[in-house]
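Residue numbering begins at 1 within each chain, and the chains themselves are lettered A, B, C, D, E and F in the order written.
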Amino acid sequence: MRNFAIEPLVRAALAEDMGRSGDLTTDALVDAERTASATIVARRAGTIFGHEAAALTFKLLDEQIVYRIAVADGQPVEAGAQIATLRGRARTLLTGERTALNFLGHLCGIATATRALVDAVAGTGARIADTRKTTPGLRMLEKAAVRAGGGGNHRFGLYDAVLIKDNHIVLAGGIRPAIAAARVATGHTVKLEVEVDTLDQLRDVLAEPGVDAVLLDNMPVPLLKEAVQLAGGRLVTEASGNISIANVAAVARTGVNVISVGWLTHSAPALDLSMEIAI
Amino acid sequence: MRNFAIEPLVRAALAEDMGRSGDLTTDALVDAERTASATIVARRAGTIFGHEAAALTFKLLDEQIVYRIAVADGQPVEAGAQIATLRGRARTLLTGERTALNFLGHLCGIATATRALVDAVAGTGARIADTRKTTPGLRMLEKAAVRAGGGGNHRFGLYDAVLIKDNHIVLAGGIRPAIAAARVATGHTVKLEVEVDTLDQLRDVLAEPGVDAVLLDNMPVPLLKEAVQLAGGRLVTEASGNISIANVAAVARTGVNVISVGWLTHSAPALDLSMEIAI
Amino acid sequence: MRNFAIEPLVRAALAEDMGRSGDLTTDALVDAERTASATIVARRAGTIFGHEAAALTFKLLDEQIVYRIAVADGQPVEAGAQIATLRGRARTLLTGERTALNFLGHLCGIATATRALVDAVAGTGARIADTRKTTPGLRMLEKAAVRAGGGGNHRFGLYDAVLIKDNHIVLAGGIRPAIAAARVATGHTVKLEVEVDTLDQLRDVLAEPGVDAVLLDNMPVPLLKEAVQLAGGRLVTEASGNISIANVAAVARTGVNVISVGWLTHSAPALDLSMEIAI
Amino acid sequence: MRNFAIEPLVRAALAEDMGRSGDLTTDALVDAERTASATIVARRAGTIFGHEAAALTFKLLDEQIVYRIAVADGQPVEAGAQIATLRGRARTLLTGERTALNFLGHLCGIATATRALVDAVAGTGARIADTRKTTPGLRMLEKAAVRAGGGGNHRFGLYDAVLIKDNHIVLAGGIRPAIAAARVATGHTVKLEVEVDTLDQLRDVLAEPGVDAVLLDNMPVPLLKEAVQLAGGRLVTEASGNISIANVAAVARTGVNVISVGWLTHSAPALDLSMEIAI
Amino acid sequence: MRNFAIEPLVRAALAEDMGRSGDLTTDALVDAERTASATIVARRAGTIFGHEAAALTFKLLDEQIVYRIAVADGQPVEAGAQIATLRGRARTLLTGERTALNFLGHLCGIATATRALVDAVAGTGARIADTRKTTPGLRMLEKAAVRAGGGGNHRFGLYDAVLIKDNHIVLAGGIRPAIAAARVATGHTVKLEVEVDTLDQLRDVLAEPGVDAVLLDNMPVPLLKEAVQLAGGRLVTEASGNISIANVAAVARTGVNVISVGWLTHSAPALDLSMEIAI
Amino acid sequence: MRNFAIEPLVRAALAEDMGRSGDLTTDALVDAERTASATIVARRAGTIFGHEAAALTFKLLDEQIVYRIAVADGQPVEAGAQIATLRGRARTLLTGERTALNFLGHLCGIATATRALVDAVAGTGARIADTRKTTPGLRMLEKAAVRAGGGGNHRFGLYDAVLIKDNHIVLAGGIRPAIAAARVATGHTVKLEVEVDTLDQLRDVLAEPGVDAVLLDNMPVPLLKEAVQLAGGRLVTEASGNISIANVAAVARTGVNVISVGWLTHSAPALDLSMEIAI
């Protein structure tokens, strides 16, 4: 079912790498019908995600390629581990290599960074979540990578939940009118979250009915703690802004329900992977 | 002219964020005809690139938005600098904000990292270049960001130059047969580069006519120096692998012509940007 | 902003009517540069919606057509009223006529039917809503037509809210395990609704935390009343199934919050419209 | 062969329902590899059409779904009849259900309405036909549904036949100049039909060579009878406008060759269908 | 109106020439804002067609290019004549040159060849027409080029008229059953033509009602003459097969109504054109 | 692997021929499940190319068609030879026939013309190459047809090599500044060729480093000979302009490395092919 949505991304990535004249090097050097094996190896430790995109890369080029998953999505690996093995036409393996690794490296990087944060907050009850600060075109895959790393997803876009932010509040003339307007306009199937910077703003939110969650933006840990207590479990609390592997446990211990982290999807370094051919 | 190629990427990014029901929050809170101003601000120092994608994001939503560039593509900024100002319907500004910032942050991150490497090798004659290790779907924009940072571009894909790598050599039965086969198959408009790991391999390359460049893969600086001397200016020399801001100057001082760096496009952190609305 | 999403639908509808050889009749009979005026007239009373799709139909054929709205989206008309006037090349008016009227007639039909139900429940506090029983390809426009008629929208698709239905309950082994599983898997930005047929099922729902709404499926009015009382305002109540203009007021008087009606979007008859050319 | 043309419609309908994040409910509640059976049942009597679109809905999600037709396209059913059975992954069945039923319900509704009119004119020699008053995007499927109900198709679009209507006549300066211009411009593979409101107009048509058919627009039955006699079999006669199940037999008995009916495709109510899962 | 249909072809042709990295030469050598003039010149005499595709080529790259038609579609030119002049950014002129000339040269070639045949049959009453033997993807433009050369169009595709050919006759069990079956299946808006090789086959056609035209395939001139006489004006007669500029007048003098010529669209040589820049 | 790139072209060609209502004739006359065999026959001698596009034409309509290649791409045939045989549903064979033959005829025509030139220069060391003067949309296939005929490919587009032509030289202020600018702007993976008309221009080219090839435009044979001697093997020499089967051997004997020929792809006549059904 998933290929239905991933396929346009993989086609675009292949088209970007192959242009219209294809792989000049491979077509010149490798006989069309020659077969080979290959392994995809993680050069560093991390958490794996992206097999569907990688496998589809090769399958779109050549339906007969066999792609075997050695380490499943969501699983950890040590440096040097084989994460997949392939067998089929050597041309296909070489032509698809870079595109497949570009998907895998990027997505494993996100899963790996997520897993590190998730492990750091283990036992606290806080959930690590992503944001909409994603790489243009890849949001769906990046959010799946966050899930593979043990995190949860925030909104998928502007279309599936209401999140009232500072700029909205300015334009709506304050938090309470903003909430009231959103409550009227939004159907019963849409959640409503409000972003606040201060306890006063939080008090305004708590005074209005119909708010499902509050995003506590860029609050230092002591203020965050106070905010969580003030909320008193009446709505979901979310911390966001300046979260790092160094401070995430302290943030979690404030009792906040969700910790959302933009750099998971916009700045996590790629996991270093390589593909090795065997004839 | 460029919008011709960028537009599908921007449309895809907007579609990803807006889905089919659009921006629930903004449509609920902000009057359709209300106008506002906004500024895009760099929260950290860096090198700017991506105005075309950012401006197109807003223009595709609403042709009447005015997007004024304050700091041009390729220029440096200090933390806190305004890089663009906008004016138009408040709804459009809010709805396009995240998509535009996602493009800009990613591309400025690449330009910034490139500029740091370019500055580090200033005066050596070496050119910093990218690779095909790019984010799926964004290669063209990422390669333009590298140029904006003062770098140069390696091949755009498998289709515009021949690069014989280790896996090709294995399948072709050695470097010299590989080069010979490529020379026959490739027309007079295509360049031919060969990747080598050792000086022996380099000697094989130098023994064959028709090779335009050699990629010296993962060589320590002393070996690289020897390789550059062995090549003796008969072809372009390129170093790649394990290049960092710490070692790039030493690599450049070997006399190598080109230094190509994968992480510029797959792991450079995004530049931190924000958009602020004024009513 | 809306044209961004509607344009593919209008292009597809035009392509369907024009094929590749275009409007044989008009091209044969009408000089390319001749201009004319036209009016779009409602032959029956109703509520108007669809001007954006209609105007875009003509604009995609010819940017210079002037389309003036006489009766705005969401407004009522009597039979015989002019709802829009056009001026421009006569060929464009004739070629776009049927496609524009097909959009308008279908969407006005939905707005008209919605308005009738909304008027019938006026004063009760119940909101009329649509469902996912829409015409393939037109959901976004049809849901906008429902809003224009004074109704509200249920989920836009499978992707923006959880609705646990009978088939899910069977597969999950009961209502309570189903709710528990949904609560774990779903982030804090997604609402959770459960469909029930009986009061016993409703009691199961009320025993679980984290449910935002309950869909009371096909319940006769007395049972519905009992269910609403049992729910006691702890979650949103929605009635669905066998709703007609005859019984909708009685349903509303049970105190249910939302009444969702499939036939609004799959079986509302088109509003009868015509376009008249004046030279 | 037909899937070639239907596939874009089904993909669009699935995309509309699934967005990018897919079926939140089913993915949360149902194990990925669990299998189930399902039946599609007609809740009311009618004529079936749409199995190709329904089967393709499931197949695009998951190639391994087995869709077995129980009542073939064009066949009648009683209320309660199973029209198809399915077996495969439970997730696919649930995720595809609404989209498949939306296609089937709409198309069976058209086939059912057509069959009623066709039966009403049985024995008269008149043929029931559709028009271009179709639902935007679905014309091809709707016209196939009309054929499945025993009707015939009018033009598929503006591109495959000439039909001179009132607006054309106004712009061409009269019926006879309009016909003359069309005859010159149109090749020998295109038919020429003219719409008339009066017997005088009909006489003009009959005075011109090269007209293949005449559309007698909105004529009361006695006038229609006179027109058919005046035409005297020299060209095909077609009645259109205000045709209902109540008057269609009377219209047919005038001897007219074709009776075309807009509401078959724009206002026929959907046939009520449901899908039931069995585990 | 026409750009609506031509645009995808022009976009595809530009994409084919520009790839993703664009015009390396022009971007390296010509300043982005420099302007220039250019003329498109016919190096040989011919008939012009294709300005819309050529102008759109430049306009898609840069909306500000001014493209002035010097010799209109359908007009003859002598060798050396300027057929269009352009003014705007020099980069755009250079980048669009080859794509625009490829469209124009191909289409002028078809118009020129058509005009030669049309002139050769002047005064005979026979019309020169094209066939479906067109270049894949360009049929619509090629058929417009035939019209510009004074010819007429045969069917646009398999979808807009019935043409029963030898292979259909074999499968239908003879000409008369084939015609009978087509008459039943085809609505009153579709013409019916039959291809015959012999007078006996022609007699079969004439014995069946409802046939609009007969294609006399590959008949020598004397046989063709006999066939036309046998048909006696009861249906349109069309000659096809082995038509050349040498024999077309003789064919026309048989009295046949239409002469259709495949090589007009699949083998007419391009008209030699060039673009000259002036600074 | 190749179908990945050809498929959009074949889909477009089928859509162009089938429209939305498909093959009216075949659907009316031939039973849906009837099977048949067919052969594709070359009516004239030539060189074959295009089986992938032809086979894909049928396969996109019906996956079960068996297409067997009788004469492989690149091989010569005599008039009357069978080049492929097919078996499957008769409808598919008839519906796909014209589209498949249109691809094959066009591409075999190019391969045949290329082979004639290649044979004419056999033994001289000169290579026949194509240009960018291709049919819009078909460049990739046409360049593959040139290879099948024994020729080589020039640039695939503006994006994969630099070719400085007369218009560039005018705008850059001379040949030497043009070369210097190109050398700076272009990375080490891109070749640089310059077009010259005179020996003086050639001397300018030879005085600049970094030029890989020179295009000697429209030079008479004696001048060409002089130019080749002047170049002295220091760069690749290419002749272009006014090449015909009559003079190509004389051009080749000048010692030029490459002879590029525009009419191979824009004016080579189609090879005459037919498809014959056997039941």
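The rule is simple: contacts are C-beta pairs under 8 Å (C-beta built on N, C-alpha and C of every residue); 3 or more make two chains touch, one makes a residue touch a chain.
Bear in mind the structure is a predicted one, so any value in this text is a computation, not a measurement.
A.B. asks: Chains touching subunit A and subunit D alike, please list them.
C.D. replies: Common neighbours, subunit A/subunit D: B, C, E, F.
A.B. asks: Which chains lie in contact with each of subunit D and subunit E?
C.D. replies: Looking at subunit E and subunit D together, the chains touching each of them are A, B, C, F.
A.B. asks: Sort out for me whether A-E or B-F is joined by the greater number of C-beta contact pairs.
C.D. replies: Between B-F and A-E, the larger count of C-beta pairs in contact belongs to B-F.
A.B. asks: So how far apart, in whole Å, are subunit D and subunit F when each is placed at the average of its C-alpha atoms?
C.D. replies: Here the centre of subunit F sits 45 Å away from the centre of subunit D.
A.B. asks: Averaged over CA atoms, how far is the centre of subunit A from the centre of subunit C? Could you give it in whole Å?
C.D. replies: Here the centre of subunit C sits 33 Å away from the centre of subunit A.
A.B. asks: Using CA atom averages as chain centres, what separation in Å is found between subunit B and subunit D?
C.D. replies: It comes to 52 Å between the two C-alpha centres.
A.B. asks: Among the residues of subunit C, which are close enough to touch at least two other chains?
C.D. replies: Correct list: 16, 18-22, 95, 139-140, 153, 156-157, 159-161, 163, 190.
A.B. asks: Using the touch definition up top, name the residues of subunit C that touch subunit F in the complex.
C.D. replies: 16, 19-20
A.B. asks: Please give the residue numbers of subunit C that touch subunit A in the complex, ascending.
C.D. replies: For subunit C paired with subunit A, touching residues are 129, 152-156, 159-161, 163, 187-191, 193, 212-213, 236, 238, 257-258.
A.B. asks: For subunit E, which residues count as touching subunit F in their complex?
C.D. replies: 9-10, 12-13, 16-30, 34, 36, 53, 90, 94-95, 97-99, 101-103, 105-106, 109, 132-140, 156-165, 167-168, 170-172, 178, 181-182, 184-186, 190, 263, 266-267, 269-270, 275-277, 279
A.B. asks: Touching residues of subunit F toward subunit A in the complex: what are they?
C.D. replies: Per the stated touch rule, the residues are 1-2, 4-5, 139-140, 143, 153, 156-157, 159-160.
A.B. asks: Along subunit F, where are the residues that touch subunit D in the complex?
C.D. replies: 14, 18-22, 60-62, 89, 91-92, 95
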